[in-house]
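Shared between the two complexes below is subunit A, which has subunit B as its partner in the first and subunit C in the second.
Showing the complex of A and B:
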């Protein structure tokens, strides 16, 4: 039972990192990036390629961060900024197109079979927790997600950019009038999506559809948490992570229906999610 | 201001006005063209392609209706398409009730489901609605994939249909030549029905809600139920497409619920042009012929439709249909002037 809870935390942590990226982009630009899950997938595959080629797990992690950061700059310059004046749905459609292209590219390069990556030697063992053994690597993922959560909330509260981001989530026009430049955030968001993809590689199996599957769960997290809310996304990610894991273990045939039904239930109860005042 | 005064101010033409005479001529001409086409096009390959294109066009019309009439973009319409297929296939497999009943249910059940879901999700505006529809589509797809005992899992299964449906030999539904005519008539009737609908009070109220939900609500209009009804109507059209598809192929699999089908339907609608009633259907036809032309390249089909979607969204926001209409409008005044 404890182990299952921890496994749920692993998935919830990955979901949280992705959902935060979606919330940040939404707060800044009022758009939703449908290619966000694909960036997660690209991060995982790039890391996989480097790690298997050079035999170094950490090198793969570093390279995928760099590649994804570059991709983040590119996407922001070519997609998000030029389309800012358009209806948000235009960005949705364009990023959906990017999703299709990236998924096809990955399928062409690496094939559609499942790939798996071993965790690095230092984290390959298991730890005894209350008399049961749990993979060390999964603890590392939980710790990383926790570090991201804490780092992010500190960053949002303490730093200048964090202040801008919060300001922009509340009132984008005024923030823009005041001349806030938040471009660096997109880089960070995309790189974070890549890192979580990369980190997830030894836990989830790599496949071209992994990005889409986690995208849908992170959408549920974002909507249930209240679009644009960081704390809402945090709690929703914890809950959906647990439910996902519970479903996979005990009710495999209904695993995807459970988060979905929860989402419908919450939306009936609170149409704007846990933490949304009005959407 | 009273509600009546507002509603008449809202409607430029009196609601329920009889459609102009030419619309009936267009309807007759469209039906005749469909009936004659299989006589003209003798190649079975071409007519098979056309049949697929028309069924795809019906699904695209469903997605397009939701955009045009409610401003909502669905990424999950395969759910209604595929559910219709399973509503025909599963009762036949377990011998629950006659296929005629299943066909009625196949259209009615997804519509009802969409209405109930719609009451919850149409309140979620814009982009978030799209996110939810993607989740809905995926939930049903995964369910069909995982619940092997019920749905047969990934492989799908053949639907055992009786020899005749409603007294019509089932063969009629499975020959491309006759199925083309059935699907075409369905498409024309749907488009015509939607054309009439936009002229009713309901059509105008939903258009007003699409333009400004808050203002429509302040004017005293109920805004959730009309949008849920548009969502249900759109699901109904999607379910009709799914029913035709299932009867034509006599086969169901989770492919019918797959997200890429939802995506394709959306792309057909966008490529064809969602401002026009017939745009999505045109997009469907273009889509299938483009896919056929792509031939060997279909291995990279997802990337190709992805690129097409990006290019069309950015460069041709009104779609092919919109571009055609604009071209005609530019030609017409010039022609008028030369003739005096």
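Showing the complex of A and C:
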């Protein structure tokens, strides 16, 4: 039971971080980024490759973070920036195309089977909590996801750049007129969105469709939380994280449907999500 | 007198449509200049042109005498020209305080800071932590002006600041603008409210169908002629 709750927290934390990334990229570039989840997947595979090749888990994590930052900067400059004035349907098709290309690339290099990575030696043991034994590695991931989620929120709330990010994600033109170089803010956000997704989830089980699956749940978080509301996304992510994990354990046949049902319910009850403003 | 903002033979518009046809104007340091004109003649397009929102098709825009090769949205702010846009454009998900801090994104050295703006508009201090868009229209106008001041601009451009304000609030606005001018800030006031124009500006350009049809000193402009330029 405790284990399930904690696993739900990990998943919820990760969903929150990805959902914030989606919301910010949408705000800054008017791009619905279907490739967001596949960046997370590419990061996981790069981490895996480095970790198994050099036999060092931490090196894999660090290198994959750098790779994602570079990929983010590249995507923003080459894809999102030229697309920002296009019809939304064009951007959806293009980012969906990127998702397919990245998935195929990963499948070609690493195959379509699940791969698994060993946790680093320091985190390989188990810890006893309230009489249940708990893998140390899981606790580490929980702490990390929590730290990244809190760090991201504080950065958005408290820092000067965070203020620019929040402002440009709702009104880019006015923010730029006040002197902010919003293109530079966007590059930073796209890179940070990829990096925070990666740092918060040094996952051990990899498959080419992992990015797609988590992306769907992240979209649901965005919709349920209310587009543009970070606190709404936070609560939605916690709830969906728990539902997901309990669903997987107790109602496996319905697990993938539960978040959708929640979304439909919320949309009927409050069409702009729980914390969304009416538009 | 050194020039802060200059237009030379400016042609500009949106997409293929041209709105401005050969505009020449100049605003110098510590000047108080008005742009007059009826609805739809292209007043806001003058602002949009130097902000890089409308497209500059021919001619030249200068900040502090320097011709600008590419006009990005942030170019004006970085040249010391702050704009209070028509319609105020308060950022909705930020508090009053955060909107003000955003105005300091690029800051020239100078006396304006959060404390100074709160002294000028005490109501903003009282409501510092409420969302900017929860303020009344007049308070939002104060917030928009305060936000522009946070950059310590050499030139403050205001696009129809009196729009939608009650007459007593417009009176307060006139007092504030005079105080700013006395403090050394240049003003470019785009207005249709002739009372406000007469109390604030010393020089004017009158715009009609995208062209400057009259200009001069406000003292030399009869009230009848002024009303004709801004007739609503």
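What we mean here is this: the second predicted complex is superposed on the first by the 254 of 279 C-alpha atoms of A that agree within 3 Å, B and C clash if a C-alpha of one lies under 4 Å from a C-alpha of the other, contacts with A are read in each partner's own complex, and residues count from 1 in each chain.
Definition applied: a residue touches a chain if its C-beta (ideal position, glycine included) is under 8 Å from a C-beta of that chain, and two chains touch if they have at least 3 such contacts.
Because the structure is predicted, anything quoted here is derived from the model rather than measured.
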Quiz item: After the match on subunit A, would you call subunit B and subunit C a fit or a clash?
Solution: fit
Exercise. Give the label of whichever partner, subunit B or subunit C, reaches more residues of subunit A.
Key: B
Quiz item: Which partner does A:257 contact after superposing on A: first (subunit B), second (subunit C), both, neither?
Solution: first
Self-check item: Which of subunit B and subunit C A:174 touches, first, second, both or neither
Solution: second
Quiz item: Regarding the shared-chain residue A:73, is it in contact with subunit B (first), subunit C (second), both, or neither?
Solution: neither
Quiz item: What angle, in steps of 10 degrees, lies at subunit A between subunit B and subunit C when each chain is taken as its C-alpha centre?
Solution: 90
Self-check item: Touched partner set for A:6, first subunit B, second subunit C, both or neither
Solution: neither
Quiz item: Does subunit B (first) or subunit C (second) touch A:142, or do both, or does neither?
Solution: neither
Self-check item: Contacts of A:163 with subunit B and subunit C, given as first, second, both or neither
Solution: second
Quiz item: subunit B to subunit C: minimum CA distance in the overlay, Å?
Solution: 19
Quiz item: Which of the residues in subunit A end up touching subunit C in this complex?
Solution: 160, 163-164, 166-167, 170-171, 173-182, 228, 277
Quiz item: Touching subunit A in the complex: which residues of subunit B?
Solution: 73, 75, 117, 120-121, 123-128, 130-132, 134-136, 138-139, 142-143, 146-149, 259, 263, 266, 270, 300, 302-303, 305-310, 313-314, 317
Exercise. Enumerate the contact residues on subunit C facing subunit A in the complex.
Key: 51, 53, 72-74, 76-78, 82-83, 85, 89, 91-94, 98, 101-103, 105-106, 147, 151
Quiz item: Mind pulling up the subunit A residues that touch subunit B in the complex?
Solution: 26, 31-32, 34, 83, 88-90, 92-94, 96-101, 103-105, 108, 212-213, 215-216, 219-220, 222-223, 227, 252-257, 260, 263-264, 267-268, 271-272, 279
